[in-house]
Amino acid sequence: MDPILWILLALLAFMLVGALIAIETRDLLSSVICVGAIGFGTSLIFLLLGAPDLAVTQVVVEILVLVVLVRVVITRRDEAVTTSRSTLPVGVVLLALGVMAAVVFATIADGEADQDLRLRPFGQPRLTQIVDATLLAPAGRPELAPAGATAPASVGGAFLQDGLLQDEASRGSGAANYVMGILLDYRAYDTLGEATVIFVAVVGAYAVLRKVGRSHHAGNESDR
Amino acid sequence: MAHLVPLLVVLPLAGGFLMPLVGRLTGRRESVAALPILLTAGVLVMAVWLLLGAAEPMTYWVGGWDFPIGVSLVADGLSRLMVVIVATISLVALLFSMDYMARFTSPGLYYSLFLLMLAGMNGVVLSGDLFNMFVFIEVAGIASYALVAFGTESDELEASLKYLVLGTVASAFLLVGIALVYNVTGHLNWAKVAEGVAQAGGPTAPLYVAAAFFLMGFGLKAAMVPFHAWLPDAHPSAPAPISAMLSGVLIKASGVYALARLVFSVFDGDPALGWVLVVLGTLSMVLGALMAMGQGDFKRLLAYSSVSQVGYVVLALGAAAVMQARGVSAGVVGLMVVGGLFHLANHAIFKSLLFLCSGSVEYATGTRQLKDLGGIGGRMPVTGACVRIGALAISGVPPLNGFWSKLFIIVALVLGKLYVLAAITAIVSFLTLAYYAKVQRYVLGGAPSERVVRSREAPLGMCVATVVLAVLCVVSPLLVVPAVRSRVLDPASRVVTEGRAADTRGRIITADAETPAPAAETVRQVSGELRGGSPHPPRQAESGARDRLATVLNGRAPPDTAVGTETHRAGSAGASAQATAVTRQGRTP
Amino acid sequence: MQGMSLIVKTVTRLVAGFIVLFGAYIVLYGHLTPGGGFTGGVILAGGLALVVLAFGEDYARNVLTHSWARVGDTMGALLFLLVAVLGFVGGVFFTNFLPVGAVGRLVSAGTIPVSNLAIGIKVGAGLFGVFVALAVFRRTAAGGQEPGQSIEPDA
Amino acid sequence: MTLAMLPFILAFLLLVVGLYAIVAKRNLIKIIVGILVLDYAANLLLVLMGYRTPPAGGAPVAPILTGGAHEADALAATAVDPIPQALVLTSIVIGLSVTALVVALAIRLYEKYGTFDTNLMRNLKG
């Protein structure tokens, strides 16, 4: 059995436990620190799965979030008891939901193994497919068809194959880091949206944190 | 012309980035509002131009990546209609903001968030890509969370928090849906996913699971009834122009429009999903109306009414899918969809009008409680008249716009033999009439309270904004006059009724090639165009490899006249895993 | 707030420069190695945040001021948008209009390093601004009305 | 049920746990924790779906070209799918943005009420 899968499962289990502790503990500081641990778990998984960009990003984001949250929590005394809404029914419903979803995940994978549009299991993403070789043969010369040729079966596969075309005739993004090539060239428009999201959140946070939201001196006087 | 499509997003985006600085540099509220109003007017002009200029749908591949690797913008009938609606309501809301926002501090931040929300909505309705749409839904969503809390009173903060939390849950569902769709089909582009689904002979179980996640996500954004909890808090808490934007266009752009795209453009009007929409729509319609009956707060009443009225639109879209699957004639299905889309446009107009009026009233009297507003029509004649027109329009009194769209929906439901739904729709129309009669009564009659006596008409800018919308309520029935309808509503309705068929087949149109052409042809055409406009050599020739891969990915035979010589990379899986040079007959350079 | 102890200040003085330098490296080499504009920007913001945490509120008010963060935020965003709009030069919106160059070089991949730089500036400035607003000025108790608890973010 | 589906299921359970915190907990910090967990879970799901098992015994191959352009083909045959990574990078940023905003809201609410407990707030009780 693939050792990576076992490490992954162990990490995921660790994160699940950590999440439950973070949610159920009564101490807010422990809760925040637990969530930090989950974040680092996520980062480890990213590293394990060949996503160093994500791992680095997750770590730095995690640190920033953790520092802010810890400062928010430790400088504010909260004497109120952390009560839950009638936890049990909600928990049972959600647990049922989770189990149901798990069953769905498991069955949609098994039931239609031979269909093209099935859920690909872990480790076998939809990247390439064996193509009908005659499609690739020159017109009228089917005997020249390459045997066992594959073609991309997904955007990701196409990108891996052609994202960095180096023959002079064509052009890829030219970025050695493919993820960055996608992020800032092929899907740069998404990244513009992403940059906008940060901008919106920053401006929004400034707006929310204003000391005075309404100026009562201007405009019509009202008796509010 | 095609370049207008990205500009619709870029203009408000640039304005949004600039406004925080502009707000610091100038203190006068008129000069702060000038840039946003100009930009939004520009967007409106471009949107109308786009709507009336070209009948053919356009697909704009950002960055020139004709290959399905890139992100596409799609401007078809539905997107264009939505862009015009969004820009119109935004412009009016901005006019209204000029005076209304004098009560708030930091106009620079306000206008920045407003423009970014507008950019987000334009991005959503123009996007042809699942993930890109998600990103822009987030842009619009996060801007709206902040705008709801703009007054920073505790009510507003709480409403914003509730809205934010539920919005984040919706986003997580959407992301899971995207993950599933990508895993299963390997594509993120609406059209490509649809093509894959069609090739496999319809959606499979994992895709239905993905659809369920999308339905929950978009349902939350659209505030359909089981997911509506946030709306009655968030919409009334926001400043009035923002309430108008949220109820008028945001829930439609990131909720209803996205649902329509999902069901019709990706799942090709799948009847099972159609039924889900019917159920969601009916529930929202009925429960929204019932909850609105009991409200004493003007804005809360309007918010519940939004839930109910958006239910009409979703019901109409769902019913269209159901009827299509049952083989009802295309004319009736078309009528159903036109009715739904017309109601969407109408609701944007009269709900924004009513929210803006509620803002005027609150501005003048400082209260939103209907029982304190007796006789307000006498003190504020313009606003009073506008409230009356809005209330009559939304309750479906002829000859105002609401009447026509509801009539269309009910008639189409009857013709499509969905009698029970038709009856429910008719009953809800009467309920609507009933609760708006309450509004009418308070606005018209009753002895003016002390609060009302001291009030006076709202400032000019606010009056102008409400009057513009009131006039639109009166003239928008013209949209169903055949000559206008064929330019505006019919292209949009075709996108819905023809589903995937209208969305994929060989309409890869970028900047310079606007005529429809077979896809393989166009790929080359586009690369040819790029060659012409590109400044540096590596760009200037496209290898045939990309053409070939494009065609393989598209599931089509490669074109007869492929380009030059190409190297074929054989996969490592096969026994002869080595590069094989395949020579094709060249074409004239 | 006076900032932290002398030891912390001294160490910060030594380390902060390296953190900022590292952030800049991550930004500039984003198209070659893991990282990129966003990650580097967060590191930059973290480095600056460290300085402010160690040296206290006064430092944030006088040296690394909020206005600078706002200007950087806007300028970064506009620069990225400019790169996108300049794509029209190459044909369509967001065309990578600069030469691609040799893979693996610092100057390669066309507009990607420029975009990375823009995003790095934007994210660094933006997140630093929010961090200061959230974690430094707002660390007071309930209903805190004492002076200086809020930087007035907008005029 | 195959073992290869288990990672997806666990990630999904993590999502449900985050949802549970958001729905059931009455404390702003706990709700923020729920939002963070929800984000992690959705991101993880996406990355898990892009993972490609390396050829026998090897380590997973990141989609980064370290050796020069001539290795591109070898990389294409083994590397994990880069698209989900790009999407998740965007998604992490969105998560961070939402977190910044929600923390700002929580701070303001604390200033108004002196507590993070939503039971003591007017409109969030329901």
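Labels A, B, C and D are assigned to the chains in the order they are written; within every chain, residues are numbered from 1.
In the analysis below, a residue touches a chain if its C-beta (ideal position, glycine included) is under 8 Å from a C-beta of that chain, and two chains touch if they have at least 3 such contacts.
Bear in mind that the values here come from a model prediction, so they are computed numbers and not experimental data.
> Have a look at B-D versus C-D and report the one with more C-beta pairs in contact.
Greater number of contacting C-beta pairs: B-D.
> Centroid of chain C to centroid of chain D, CA atoms only: how many Å?
23
> Approximately how many whole Å separate the CA-defined centres of chain B and chain D?
Computed value for the inter-centroid distance: 27 Å.
> Taking each chain's centre as its mean C-alpha position, how far apart are chain B and chain C in Å?
34
> Please work out the Cα centroid separation of chain A and chain D, and write it as a whole number of Å.
5
> At least two partner chains per residue is the criterion; list those residues in chain A.
Counting only residues that touch two or more other chains, chain A contributes 52-53, 57, 61, 64, 68, 72, 76, 105, 107, 109, 119-120, 125, 127, 154-157, 159, 161, 163-164, 166, 171, 176-177, 179, 181, 183, 185, 187-194, 196-202, 204-210.
> Among the residues of chain B, which ones contact at least 2 other chains?
Those would be 13, 17, 20, 62-63, 105-106, 109, 131, 135, 138, 142, 145-146, 149, 152, 157, 160, 182-183, 188, 538-539, 569, 571-572.
> If I count partner chains per residue in chain C, which residues reach a count of at least 2?
33-34, 36, 38, 42, 73, 77, 81, 84, 93-94, 96, 100, 103-104, 127, 130, 133-134, 138, 142, 153-154
> Mapping chain-to-chain touches, which pattern fits: line, ring, star, complete or other?
Basically all the chains touch each other, so complete.
> Once bound in the complex, which stretches of chain B touch chain A?
That would be residues 13, 16-17, 20, 62-63, 65, 67-71, 99, 102-106, 109-110, 112-113, 116, 119-120, 123, 131-132, 135-136, 138-139, 142-143, 145-147, 149-153, 156-157, 160, 180, 182-189, 196-197, 199-200, 203-207, 209, 363-366, 451, 454, 456, 459, 538-539, 541-543, 545-546, 548-549, 552-553, 557-558, 560, 564, 567-577, 580, 582-585 of chain B.
> Within their complex, state which residues of chain A touch chain B.
Going by the criterion above, the answer is residues 104-105, 107-109, 111-112, 115-120, 125-128, 130-131, 135-139, 144, 146-159, 161-163, 165, 167-171, 185-190, 192-194, 196-197, 199-201, 203-208, 210, 212-216, 218-220, 222-224.
> Given the complex with chain A, which residues does chain D contribute to the contact?
1-14, 16-21, 23-27, 29-30, 32-34, 36-37, 40, 43-44, 47-53, 59-66, 69, 72, 75-76, 79-90, 92-101, 103-108, 110, 115-117, 119-120
> In the complex of these two chains, what residues of chain B are touching chain D?
131, 135, 138, 142, 145-146, 149, 152, 154-155, 157-162, 164-165, 168-169, 171-172, 175-176, 178-179, 182-183, 188, 229, 233, 569, 571-572
> Which of the residues in chain C end up touching chain A in this complex?
26, 30-39, 42-43, 45-46, 49, 73, 76-77, 80-81, 84, 93-94, 96, 100-101, 103-104, 108-112, 115-116, 118-119, 122-123, 126-127, 129-131, 133-135, 138-142, 149-150, 152-154
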